[in-house]
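Read through the structures below before going on.
Consider the two complexes below, in which chain A is the common component and chain B and chain C are the respective partners.
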Partner chain A sequence: MSASAFNGVLGRVIRNRRILIATALLVIIACVALASKSLAPFDPLQQNLRFRLMPPGSLGADGRMFLLGTDQFGRDAFSRILVGARVPLIVSFSAALLGAAIGLLIGVIAGYFQGWIDSLIGLLIDAQLSIPFVLVGMMVVVLFGPSLHNIVLVFTLLSWPIFARIARDEARLAARQQFVEASLIGGGTTTWILLRHIIPAALPRVIVVAAIQLAYFVVSESAFGFFGLGVPPPEPTWGNILSDSRSYLFQAWWLGLFPGLAIALIAFAANLFASGLNEVVDPASTRGSTF
Partner chain B sequence: MLNFLLRILRSVLVLLGVGCLIFALIRLAPGDPVTLLAGPTADIQTVEALRIQLGLDQPMGVQLLKFLSNALRGDLGESLVHRRPVLDLILYALPQTVYLSICALFTALLVSVPAGLVSALRPSSAADRLAEGVVLAAQSVPVFWVSILLIQLFAVRLGWLPSSGNDQWAAVILPAFALSILQWPLLTKTVRTAAISVGSQDYAKTALAKGLSSKRIVFIHLLRNMLVPIVTIIGLQTGAMLSGSVVTEAVFAWPGIGTLAMASLLARDYPTVQGIVLFSAAIVVTISIVADALSLIIDPRLRS
Partner chain C sequence: MKSDAPPNVDLLSVTGLTASFHVKGRIIPVLHDVSFSLKAGETLALVGESGSGKSVTAQSIMRLMRDCSIGGRVELNGKDLLSLSRRDMARVRGREIAMIFQDPRMSLNPTLSIGVQISEVLQRHRGLSAAQARAEALRLLDAVRISGPSRRYDEHPHQLSGGMCQRVMIASAIAGEPRLLIADEATTALDVTVQAEILTLLRELQNETGMAMLVVTHDMGVVAEIANGAAVMRQGRIVEFADTQTLLTRPADPYTQDLLASVPKLGSMAGQAAPRYFPVAGKVPAATDCVVAGQDTILSVRDLNVRYRSRSSFLGISKGSNHAVRGVTFDLRSGETLALVGESGSGKSTIGRAILGLSPVTSGQVILAGQEMTSLRGEPLRQARRAAQMVFQDPAASLSPRQRIRDAISEPLRAWGETGDINAVVHDLLVQVGLEPEMADRLPHEFSGGQRQRICIARAMALRPSLIVADEAVSALDVSVKARICNLLLDIQRQTGVACLFISHDMAVVERLSDRVAVMRNGAILEIGSRRDVFESPQHAYTRALLAAVPNPVPRTSQASISRQ
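After this line comes the complex of A and B, so read on.
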């Protein structure tokens, strides 16, 4: 990497404080989730009916502390939140990545070639964006079963139009630029132009949207789980932990509070990343008014 | 005018596309659609009778055409649970959802207009930072979780507000607030962008130059000219609002379309779910056309 690149976009990305904090948060959370099985102080599935609904900080039989209390079966809430991070994170990262890749490809093709293919894809995008995401997603899960890969598939298929719309607009702008014309005259093939010029031009905004979608997916996945339409128990997920906690709202406030905070923390980190990147990509949108 | 007609034609195409999608979904699912539609408790005679009644013994193409033409005429089929036309059920629940959405929209405007104005007019001030924090938080919290916390605090602990249903007028407050949270981020951003772009127009500078107070400029000149983007974004957000109301209504047991959808979904009442999806899509495209028309009324310059 040359020094000039560091002073350019990449340098601004690295020096942006929001991106830095958000990236650090996301990396830490991802590492914790990956290692959650060995980090968890208790077995998240181990029931202990003597220690049901213990408040945070209570001590177990062997003197070990239930950091965030226990649930209705005496399972350690902290361990369940740690291990429960895996499903939402796997779902959200895979779906955001897949959705962004598919949407980018389709959007770039529509925006670059235009004509009938653009109209057709535009119609498809409009059709998909007019249906209620949550309802159709849940319907698909009910019809096809609540497995991990079905949920990833649902999120991917329902979100690609959001990426495609952005990529299409960016590709349309980029296709009119002189460097594209120059590349054409210089004998650049269509594939080369798409890969070298159009996709890189569309990428930054697609990444901004991917971060926002990541936050949305973490929240949506937990909503699916909350209504019993996520990956089913015994696998703990934040959604099904929250769903269980609903019956114990009055006795055990800690069961409902902490998983929600965990969801909000990840979504916050992803949104912070998006807003930081947006600052870099589009500085004009972040400046204030004249008076 | 021609553009507008094309727009409407396009919306009809979009709705046909949504219809095909829903049709394909149920047919692609593993298992026999009739057994799915009839529910797990139905016996063989009922299933076969339903198959003929629904025309599912006919070729796929015929079925699709029939489904679409029925839907176009407003016939969305019959609910398996309630044994009533799906459209009746939807129209019965619709006023509640519209009422809740409007309340949520006003709540969202109460938050977003001040937040957006502050961050546009006083960038980097303490108020701007606060507004930004609130918006980022709103974008990040799961609404169903906030709803539970709201119920716990205001209904259970303090006992100020009802926790569910719509028997009392105050019952709308918690669900409307929860539903509005979804709208804060985009609405605030829209207000902010609009205030910046309108504020840098010549007439705003003229007003400032001739000595009008900032307050007067904001309230008399800016807000009115910011209406177009705000109306447009509200139109575009209808879909997200309907999606959000599924979850919010279900948590608060608010008797609108969202609760109907969730209950039908969990009861495997597919004709009702399918009808609600189609109906929602129809509302979304209609409102986006209406929002466009409204923009033309508000800003005559867009008419050319």
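After this line comes the complex of A and C, so read on.
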């Protein structure tokens, strides 16, 4: 892609309102997560059994306010949500990025070349998608132990088939397009066509799915936390905060609500980003909502 | 059949019809004060180029438009259709007004047999029992001249040809005994010989049932064949409304005159040896004759055969093969245009693709600029292919929607690693194809169909090829645009001496553009020779049938070949 076209796409990315809002949200969330240790009003690990399950806005012993209440050990819920953002964000961003990149490459190769390569990759994708997600995750974590790296590895391994399948369909469609044939006749080599026509055609939907997966990973991280397969306590993560809150749902609704809202906010931002990008990358499309 | 309406009263009367689309909160008017009327037993044609509003008019009468506000009056037998409730309107559709569309395969349900689809209409609209409906469906299939209706009754759409599917659509349209049949480009997607059959069928059915027809078409030839009167539309307005005879012989409106002048007329080249420019309205081309072909042979095709193996789904066992191209041999010299004409499935496109190494060749030779192509693979094939470029039918599909046209046109140059001032080359190419160089940074969707085809031609010329394969390159374009693109092709040929393999089903365009013509059927060349020989003294019966089937924009009374009573 030449510089002018790149500027064009970039220009449209900057001018797109959805992308702007979504990026702003994601940047704020990321900054807060990075600076969470210093932003948190309390030590997220500091227990205080006198102030167990206090509702939001309660005052502590020293007159400081528990903004979002406290949990069953009297730890400040707000501080825990702030600090707990780090693990899910790192896990889901890296896994979505890695999974999308691997899946895109494999899928595009399958979809463009078709034939036996496609059959083989298709078989791999189907085989892997038929194995239950959590089961494989458990096996890996049991074998290699729970850690940040292993969680990212598990999520990447488990998500590439989803991306590969989409990239494969898009590449298969694109390969049939006449402009690809026109490029071939114009002297385009296989690499040329893959880089200039097939990958750009497959990319938008892969990014859209990556954004959706991003939100899903944030939730999955909590599922893994629930099974004790996530990053081990006492390190707070939205996952283990959420799973702890389940036991206190009726006494302390705030423990589940606020991390849930945080996850929803990320999912919203990621989806908004995806839909905005979809609009920009496919300028001829008229779809899109009024937002 | 249903002649309760007195013959001299208008069956359909449209008065001051307006329509506006609602797009993203904006209102875009598409029809302005459209008025016309139609008597029972008559046929009116709505004719115009794409975007003229002819289909919108037809769909507004049926109230099929979404996100669209419609004003004015549409009266059918004195009943105002626009003021009917949705329920009442649903009763009018199919029962009083029926409609057939361009693509019969899209309009038929692929999962139901054709008999069932017709019976369904009969049960719904005429309240027949299942047994009665079956008997009536068989009668209708017979009425639309489908042979062996009881055998066909249980067949599915994919087992029938396009023409047969359109007959089935017509059968289900007349099943409700409508007073008015709207045919929206109903023969556009069909081969000329099939189109001629369908037009005859529609005329005969009209004689039998006395229904009125509203025919939406872009083809002046179809107007001449079937309509009593025609309304010429442009930009949502009717610019001329006259009986067919007057319209074709003494058009009053300048736009109609332009439109008729751009229509390639079969036989207008009688006595001419070389290709000629189209007389584009208002401009008489400086040179009317085009280049005389050079002497060096650019392309030789020797005994070319292409077979597609059809596999059964079980274990990929070969079930047999489809012989798409059979023993085709021809030569093409520089500066010459050879037209491959034939109907769909005749193998003409396959030859074009085989020459460029896009289709596998079963046997035979393709020698392009001295290089035998069929044995090449990979990089040597890429190198050899450089001498030939291609222009496709659908310019929208052959340009990437993500690529600026500067990048699209320069892509072959960059793919070949050409250095030097690529922008200057793009500038020159754009000028050559008659576009503004300032347009280089726009995206394809900002251009019209004709402009996009110019861009595709510019891209094809970027590598200075010695052969251009134009696969139905002007078939999808509006008549006035078609004439201009044909002139552009002739211009480029004169300037560069490029040879052209012009693949087309359009006999009238072929007559204008080509030096030599090869008529194809079932993968074989039936007849090849100079254009004059093929058009003025066709040797093969099929060539004569093909020429006779072309609808000509000449009033029917003066056409001897059309009287098929």
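Everything below uses one rule, namely that the second predicted complex is superposed on the first by the 226 of 291 C-alpha atoms of A that agree within 3 Å, B and C clash if a C-alpha of one lies under 4 Å from a C-alpha of the other, contacts with A are read in each partner's own complex, and residues count from 1 in each chain.
Assume a residue touches a chain if its C-beta (ideal position, glycine included) is under 8 Å from a C-beta of that chain, and two chains touch if they have at least 3 such contacts.
Please read all numbers here as calculations on a predicted model, not as lab measurements.
Within the superposed three-chain model, A:V134 lies in touch with chain B and out of touch with chain C [touch as defined at top].
Legend: residue contacts after superposition of the two complexes on their common chain; A:D126 is shown touching chain B, with no touch to chain C. Within the superposed three-chain model, A:A182 lies in touch with chain C and out of touch with chain B [touch as defined at top].
More chain A residues lie in contact with B than with the other chain of the pair chain B and chain C.
In the superposed model, A:R86 makes contact with neither chain B nor chain C. By the touch criterion defined above, A:W192 reaches chain C but does not reach chain B. Once the two complexes are overlaid on the shared chain, A:F268 sits against chain B while remaining clear of chain C. When both complexes are aligned on chain A by C-alpha atoms, chain A residues 290 touch chain B in the first and chain C in the second.
Here chain B touches chain A in the complex through residues 10, 13-15, 17-18, 21-22, 25-26, 29-30, 36, 119-124, 136-137, 139-146, 148-149, 151-152, 156, 193, 195-196, 199-200, 204-205, 208, 214, 217, 239-240, 242-244, 246-247, 250, 261-262, 265-266, 268, 270, 273-274, 276-277, 280-281, 284-285, going by the rule given at the top. Put simply, chain A touches chain C in their complex at residues 1-2, 4-5, 8, 177-179, 181-189, 192, 196-197, 200-201, 281-284, 286, 290. For chain C in complex with chain A, the residues that touch the partner chain are 23-25, 356, 358, 382, 385-386, 388-390, 392, 394, 397-404, 406-408, 411-412, 415-416, 441, 443-445, 456, 459, 462-463. Only residues 123-124, 126-136, 138-140, 142-144, 212, 215, 219, 222-223, 226-228, 242, 246, 249-250, 253, 256-257, 259-260, 263-265, 267-268, 270-272, 275, 285, 287-291 of chain A touch chain B when the two sit together in their complex.
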